[in-house]
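Sharing a structure below in structure tokens format, with a few things to ask.
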Amino acid sequence: MKALGPILAVVAAIIALWYVAAVPMNIQEVLTQAERAGAVVEPEGAMNRRDVNRFALVLRNADHLGESWSMERARLPAPHQVVKELWASTWDEEVSGRRGIVKSGSLSNRSLIYHGSITLGATIVGFLIGSGLGILLAVGIVHSKTMDMSVMPWAIVSQTIPIVALAPMIIVVLYSIGVEGLLPKAVISAYLSFFPVVVGMVKGLRSPDAMQTDLLRTYNASKPQAFWMLRLPASVPYLFASLKIGIAASLVGAIVGELPVQRGGLGARMLGGSYYGQTEQLWAALLFAAAMAAILVWLIGWIEGKTLRRMGVTQ
Amino acid sequence: MNQPVISASHLDLTFQTNDGPVHALRDVSLDIGKGEFVSFIGPSGCGKTTFLRCIAGLEEPTGGTLAVNGLTPDAARRSRAYGYVFQAAGLYPWRTIGGNIRLPLEIMGFSKEEQAERVKRTLELVDLAGFEKKFPWQLSGGMQQRASIARALAFDADILLMDEPFGALDEIVRDRLNEELLKLWDRTGKTIGFVTHSIPEAVYLSTKIVVMSPRPGRITDVIESTLPRERPLDIRDSAEFIAIAHRVRDGLRAGHIDA
Amino acid sequence: MILVFAAVAVWIGAWAFNGWLANGRFSDLASVRLAVPLIFGATVIVVWELIVRGLQVPPVILPPPSTIVGAFFGNFGVLWPDFVQTFAKGALGGYVIGCGSALLTAILVDRYDFLRRGLLPVGNFMAALPIVGTAPILVMWFGFDWQSKAAVVVVMVFFPMLVNTVAGLRDTSAMQRDLMRTYGASYWQTLFKLRFPAALPFIFNGLKIATTLALIGAIVAEFFGSPTRGLGFRISTSVGTLALDMVWAVIVVAALTGTAFYGAVAWLERRMTFWHPSQRK
């Protein structure tokens, strides 16, 4: 693992930068609190400080920065505060909390595991529907010239459109006709993973070169034979590449889909944190979502590795 | 022979690889005089390209001494003592033919007028006048390689180093370019170092043929050509030509046997 | 009910016509290649119109295209400031800052191997994360106006752009680099004459990915708070009042903007990387 050293150094640098940035970011609140506790702060009074440059405030009040990394509801909570919140809202909440799974038998609605599982469910269902339909359409496009010429340009154009903007509308419309919960979010997730999979899969199914298809033609292979023996195996690497993009898009779709109707999920948790200034909760939800995305993408990469090894493409 | 332009004595170069050290060059000594056309010939792995790269300052020898124009190869490189032609034309696809030839001139800080003048002159020299505005990918492989020779000639270095420049071309194109290269050498009086693995090409072009053999890369024979300076293509059927070619082949075979 | 039958008939007819065009003798003509998808698009719109009217779908669920077009032109005076707010200020501002800083960072990263080996995996990781999630935080920091939207866009486009540019700057052959060495070229000469032009196809790939991300970032960030204009703001308030024709009109604006933005970058790419095998005719 020669690569690990530089990566760790970069991560450490990011965390260090985060700590440093927390000082000027939180300076206003820190000074207000210090002043309330009786310290002499310059200039006096929160109103007088409002328009003073943050860095100037830091320099002029270097003695009163003690609380920078431990403020509640800080503009930028320090990394350890976020980690503490992550721990409190996952393990701690579930294992020792009154509403946690250990004491009540069901997931606590205040834990990130509960909200994460809601988001995850919608993501997975949507992703499976979207990529499944995407693969089917790709097969159709490769085999029907009419479909290819009619649909393919739109599939490509649609990738340039900010489809996520549709999310709240789909949610609210489906909500207004009584459909709520997992399904509307899954629809958005499916929609978002659909087009990348179509485009990637079409590229993959068309990846065998003329020599390879000509070879099958010399065997007088039928169309289905050519599909199962050449096109489909050749498309696998392309498929996985687009599945990785698709699942990340699905997760974003599910999160954005949770914004308009507040019925749980990481998106709802973020919006809640932003409404009530619970920045630690917000950051914890964000990191949790990031971890989920990383795990999902890694999982697909792992399946990809297994599949390609079994197919003998890689060792 | 007057003061040699390139002078190598007891040159060694050892690469450290995972399978242990590889002796790319061992005890290579050679002098190349001004205006000579020297071919390096040998099987792959004999160090002929490595030797050329050492002269160009692209590889660092691990032992011995090497002087180019009386300077170290690195100093010679920085004083732009030579033009280098690679196996592939390697023209930049985003520049026109003229733009590619202008590239070294821009880097070396020639004035705009000088650049234009030199581009025009070298294009005529390699018979590509009129193609200045074309892009490399609009030209045939042979024309691309001619453009890359023009690029190496543009800044008027005294030495031209060519690493199998015609290796990827078909025989007919190759013959024509060989003939043109000889004319060019005659007109410009440059010193040329030329790597090849074709015996007829080496014999046809050179005033001196250096036969090399692999493991470790070393010189097994240096043949001074007795052919006249003026060489029509059909000289290759003369008895003299065939005799020299024989000697080269014998040298190559001897190198193989004791390897 | 007649309208529904008409819709089915139109669909079958248009599909058959497209099939005839696509499999016929003229299928490789540029005009046919353009006509087939356009006919398909028009068919979808006509069928949509007929079905919505035929089945009397309530407009709060799916308004017919004619109503959407009406809303688009009828509310032009509202949509234009929305467009300026979201695209011209938020998305474009963030796009320029984000892509520009990623480009400069890439040059720095490329120069130091240690940075490259550390930052590239981290950048790849970041590019796959749901970065839209930073929107509420950045809205909190930079206020409701376009600055916070631009900030979200910067964070979203930075990593894809960085990863692509770094990959591009390394995409030169040993021979090309040796050539520059035989000229005794300096680092900056090599960068501007060889590595930067060679990286252009990769840079444009990053720029194209970033166009869509920029619009997504700018619109979604408005869901977390905005002044009383902007495409995201318009969507969320119109959804709230179930004015779905307006929502669809906004989506039309967003779609047109996204496609035009992407098209502009792709046009620039054609102009600047005409020499690349993928762009040659």
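Assorted remarks:
A, B and C label the chains in the order they appear, each numbered from 1.
Please note the rule applied: a residue touches a chain if its C-beta (ideal position, glycine included) is under 8 Å from a C-beta of that chain, and two chains touch if they have at least 3 such contacts.
Model, not experiment: these values are computed from the prediction.
Which two chains touch most often is answered by the contact tally, and the pair is A-C. Closest chain to the protein centre (all Cα atoms averaged), using per-chain Cα means: C. Averaged C-alpha coordinates put the centre of chain A at 19 Å from the centre of chain C.
Chain B and chain C, compared by their mean Cα positions, are separated by 50 Å. Look at where the CA atoms of chain A average out and do the same for chain B: the two points lie 56 Å apart. Only residues 56-58, 77-80, 82-84, 86-88, 90, 92-94, 103-104, 106-108, 135, 137 of chain B touch chain C when the two sit together in their complex. On the chain A side of its complex with chain C, the touching residues are 3, 5-11, 14, 25, 75-76, 145-146, 148-154, 157, 159-162, 164-166, 168-169, 172-173, 176-177, 244, 248, 251-252, 255-256, 259-260, 266, 270-271, 273-274, 277, 279, 282-283, 285-286, 289-290, 293-294, 297. Those residues of chain C lying in contact with chain A across their complex are 15, 18-19, 21-23, 27, 32-33, 36-37, 39-41, 60-62, 114-119, 121-122, 125, 128-130, 132-134, 136-137, 139-141, 211-212, 215-216, 219-220, 223-225, 231-232, 235-236, 239-240, 242, 244, 247, 250-251, 254-255, 258-259, 261-263. The residues of chain C lying in touch with chain B in their complex are 173, 175-176, 178-185, 189, 193-194, 197-198, 200, 273, 275-277, 280.
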